[in-house]
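Next up: some structures, all given as structure tokens.
In what comes next, chain A is part of two complexes: it sits with chain B in the first one and with chain C in the second one.
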Partner chain A sequence: MSEPTREEIYDKICELLKPYNPKNHPIKMSSGIMSDLEVDSVAVFDLVMGLEDHYDISIPMEMVSDIKTVGELATAIKELTSE
Partner chain B sequence: MSLPTPTTRGKALRHGDFATLCEALDYAATCQTGFNYFDGKANLVTVLPYSELREKAVELAKRLVPFAEKNARIGLAAVSTPEFAVMFMACQYAGLVPAPLPLPVTLGGRGSYERQLERMADTGDFHALFCPSSMEPIMSSALNDQAIPVLTFEDVNNLPQGEILRPFTADDLCYIQYSSGSSSSPKGIIGTQASVSANCHGISKHGLAVNEDDRCTSWLPLYHDMGLIGFMLTPLTSQISVDFIDPQDFTRRPITWLQLISDHKGTLSYSPTFGYELCVRRWRDDRELNLSSWRTAGIGGDMVRPEPLTEFQDLFGTMGFGEGAFTPSYGLAETTLAATFAPPGQGLLKHTIDMERYERTSEAVEATDLTPEENQRTFVACGKVLPDHKIEIRDFDNNVLSGNQVGRICLKGPSLSPGYFQNTQATEAAFSADGWLDTGDLGYWLEDQLVVTGRFKDLILWHGRNIWPQDIEWAAQAAAPHRCGRACSFAMGGAGDEKEVMLLLECRTRDPQLLDEIYKAVMAAIRLEVGVPVRLQLVPRGTMIITSSGKLSRARVKDKYLKGAILDLQAESPVTVIGAETA
Partner chain C sequence: MSLFDKYAPLQTRVDMMMKIGKDALGVEFDDIIDATRGRIGNREILLAGTNNYLGLTFDEDCVAAAKKAIDDHGTGTTGSRIANGTYTEHVDLEKAIAEHLGMPSCIVFSTGYQTNLAAISGLAGDNDIIFMDADAHACIIDGTRLTGASTIRFRHNNPEDLDKRLKRQGEIEGGHALVVIEGMYSMFGDIAPIDEFLDVTHRHGGYLYIDEAHSYGVFGPTGCGIAEAQGVLDKVDFLSSTFSKSLASIGGFCASKHPEFEITRKVMRPYMFTASPTPSNVSAARAAVEKIKTGGALRDNLMARAKQLHQGLAEMQYDLCADASPVIAVRRPNEAVAAMEWNWLIENGVYVNLAVPPGTPQSSSLLRISLSAAHTEKDINTILKAFADLKDNQGALMAGMASKLQAAE
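Our next item is the complex of A and B:
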């Protein structure tokens, strides 16, 4: 798989977040994943697993604990996929 | 590619009959068994036979003796890697007290994790903290204001080499554990060589009746008693091979747990109910499993909930999961780990009772055809108490109850902890002078088996997580952008499988715009810090009920809420009493 762009990653995150966003809150790069969207700690693992499987990466937990927004998540994945 | 350690010892099985962990490892090191670490896709990463664990631990202990005085506390990041086992055992050979520390788990949870860590370091009076280099920045930042050195595992391995060992003896301490208490005020449970030995022996010889063919599989975190005692120390003291996966990998790929059992013929493995639930939810029917070797599928750590377990049985029964494999058990870190086990082969012994009667008379009376369905609730028997230990069910005046009368579960025996580290107040509240522990849990007898009906009075159980209401209240008060009064959080929907977590917050203002700001900020903070959806209601000042000693009475506030006697400041008309529809 060629290296995804940050925008492609953003689109993928939005797709995976769909089931947890029943009220269709607008998802922006600056949206807080757990603070602005209705994602709880169980759903977050579904999201992280979905992204890890899709991009064949492993997001280390110390990185996860620092990620608050959709944009930060996209940046982290971008970094991991370009390694 | 290397192979995992075999199930066969090559020497006689000993059921944890050692006076210290060092003696136990000295013996295990003469066997062929040991620890095996797998990745999230069930590939073997590292093999650590007990012989190598002992060799490395002894080598490192010689470096630790000059580094710290006997009985100094070492905070140890409880990662599921060989380094943790080596460092934990090195502390034993060096006479240092390891305190396994939790790891950051939630997305964006770094802030609250650092605060929790800081409090643990405070209450444990740590001499130093050891962690993998990847966690060093978080640990150092958490301990910013304290003069506690943070050493990476590499740093520790490069400490100057000493000459001597200083192993703990039978009367010494063993570890400090933080699985009790809220993250806002953690309590360190003291484990001694004697309490740990007694419990490991009881679990191995009686609770699980370990035999020559047993092999353990575990995803449980090692900072929790079920992971540390159940799946690291008990196997070590009984020379059993263990296949580990990281708890993070389990949460992301739970089926890997079952895959390991299938691949390596695991016989003993435990999980809280939610772990079994997660497997059912994530099963994709994309592989073949053979779970017929799994003789004991233990359930512990939270309330045993029969419905998800029955679903697991139905689904994985077709893949060899045995009818009687489920083994409900009960215990807590204050009793090292385990106190009761269901008899082998019993499976889920269910008891459906009339909850209306339960609440009215504190009796567990079997439901009949006439009991309305909404008043029925099914509990599962957690088995018989270990030999040499005693359980009593008592009422609030300390009278011993019998039969179906519900009361406080009290425990006595050699597995009991001597108390909480440097916390006399908490110790005296839970441990009586005559050697009994008041668990704070509620239960009754079903013949000679214990049934647990509720864990701790205020503790909220949500998707297998223990959540302390004070953590939610604390986060709410910290997040409110305008001055707020007291907060009160409690669970709705029964004992053990809460449907909804309620949060009431007293506000000084009645301005709708300010209230809206408070509402949004608090909701966002709770999702981020606690990771649990709550139902927030802003209430007028003076709503909460305070006891004579100045403590919040959550039970009475909840009662008031259920009666519809609490105002909602954001309701269309503020005089409308709401709450009745959610009762």
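Our next item is the complex of A and C:
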């Protein structure tokens, strides 16, 4: 797989977030995953597992704990897919 | 701005629950009568959510052992084993469990929660990587947070997914993989394929750690747990459990087939810097270990009651989360409905657990039932009758909830 752009990663996050966003909150790069989108802490880890599998990367839980927004998650995946 | 502003969304959820009825996460019993009966006000309550799997909390030998320990060695240890020393009760219990499991090392802790906190943080170092089942209990998650190790989550009860993630990680430089799973999972009551996890873990040179909090005493010919039931106990690297379920006390243990595990007594902070378990708690658990070894009849009764309840609820078309086991979780459509039904059940004399996200897998809202060997066939019929009535009264209950919520606004 060629290296994805941050925008492509953002689109993928939006797609995988759908089942965790029943109230259809608008998803922006600046959206807080737990604070704005109301995704609970366990569901965030489930979302991350889907992203790990899609990009064939490991995103350790301690890294996820530091990620608050959709943009920060996209940036982390961008870095991990560039390694 | 206040320190508590961050809890506003949580407060909204709690407020909703209180509008519907009682605080399901803070039930106050006026009396606990025996292993299956409590009392709230004048109403006797059938306890079906207390994890008292073998019903030993009022067992005369366990009670007598606890009382004798108080007479012999007092009510408290007043400190940790590194500061205040080890009591004979601690040593006896560690030896008894080690012998029961056929492992050379066993360490006793003050609570089940602290057991996983201590052992995981003691085992995994900065260069190791922890692989944790996605449905692992909070104490396992918190244990990983006390380490400098990276933690990777794998899909629940899925050895193939673990294999994929171990392969993805490749060679772990200067460290090892510690794979952490549970025997029977506390929320859904589903059971791990330990034999397959052992195979995958050992093929990658890792160590398998199993939390048998809900299965020690409950499964296996001599009650050692799911690993024994699956015939692979001798291959398990680390096995932890709690005293607060089948052992009818409070505390926990971690045992290992690696004698080197003993060194972790010198590094595990939740072991070193907390008071050791009291002589009475330890002695009650010690008496319960003997009951477990010969507890085939208790386990048979427990499984018979589990099958009876599971079958009855399935016949009523309730959505059950797993096959029959001592934990039976009934999936409800959402938190408000589950909370309302939970209230209806306790008002009608049946106590189960209300379990809601994020404490549940798949963001489920559950009415969680845990059974006891002390439950009778008649008790299960009482629970089934309550769930049947719940279904029959669903329309009236929904209308009642809507009016309660409206009235509160």
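Things worth noting here:
The working rule: the second predicted complex is superposed on the first by the 83 of 83 C-alpha atoms of A that agree within 3 Å, B and C clash if a C-alpha of one lies under 4 Å from a C-alpha of the other, contacts with A are read in each partner's own complex, and residues count from 1 in each chain.
The criterion applied here is as follows: contacts are C-beta pairs under 8 Å (C-beta built on N, C-alpha and C of every residue); 3 or more make two chains touch, one makes a residue touch a chain.
Since the model is a prediction, treat every value here as computed from it, not as a measurement.
In the superposed model, A:Glu62 makes contact with both chain B and chain C. Within the superposed three-chain model, A:Phe45 lies in touch with chain B and with chain C [touch as defined at top].
When the two complexes are overlaid on their common chain A, residue A:Gly32 makes contact with chain B while staying clear of chain C. Of the two partner chains, neither chain B nor chain C is touched by A:Thr5. Within the superposed three-chain arrangement, the count of touched residues of chain A is higher for B, of the candidates chain B and chain C. The contact surfaces that chain B and chain C form on chain A in the two complexes overlap at residues 38, 40-42, 45, 48-49, 52, 58, 60-62.
Here chain A touches chain C in the complex through residues 20, 38, 40-43, 45-46, 48-49, 52, 56-58, 60-62, going by the rule given at the top. On chain C, the positions that touch chain A within their shared complex are 9, 132, 134, 141, 144-145, 150-155, 165, 168-169, 357-358, 361, 363.
Against chain B, the residues of chain A that register as touching in their complex are 32-36, 38-42, 44-45, 48-49, 52, 58, 60-62, 64-68. In the complex of the two chains, the chain B residues touching chain A come out as 40, 103-110, 113, 134-135, 137-138, 248, 251-253, 463, 465, 524-525, 527-528, 531-533.
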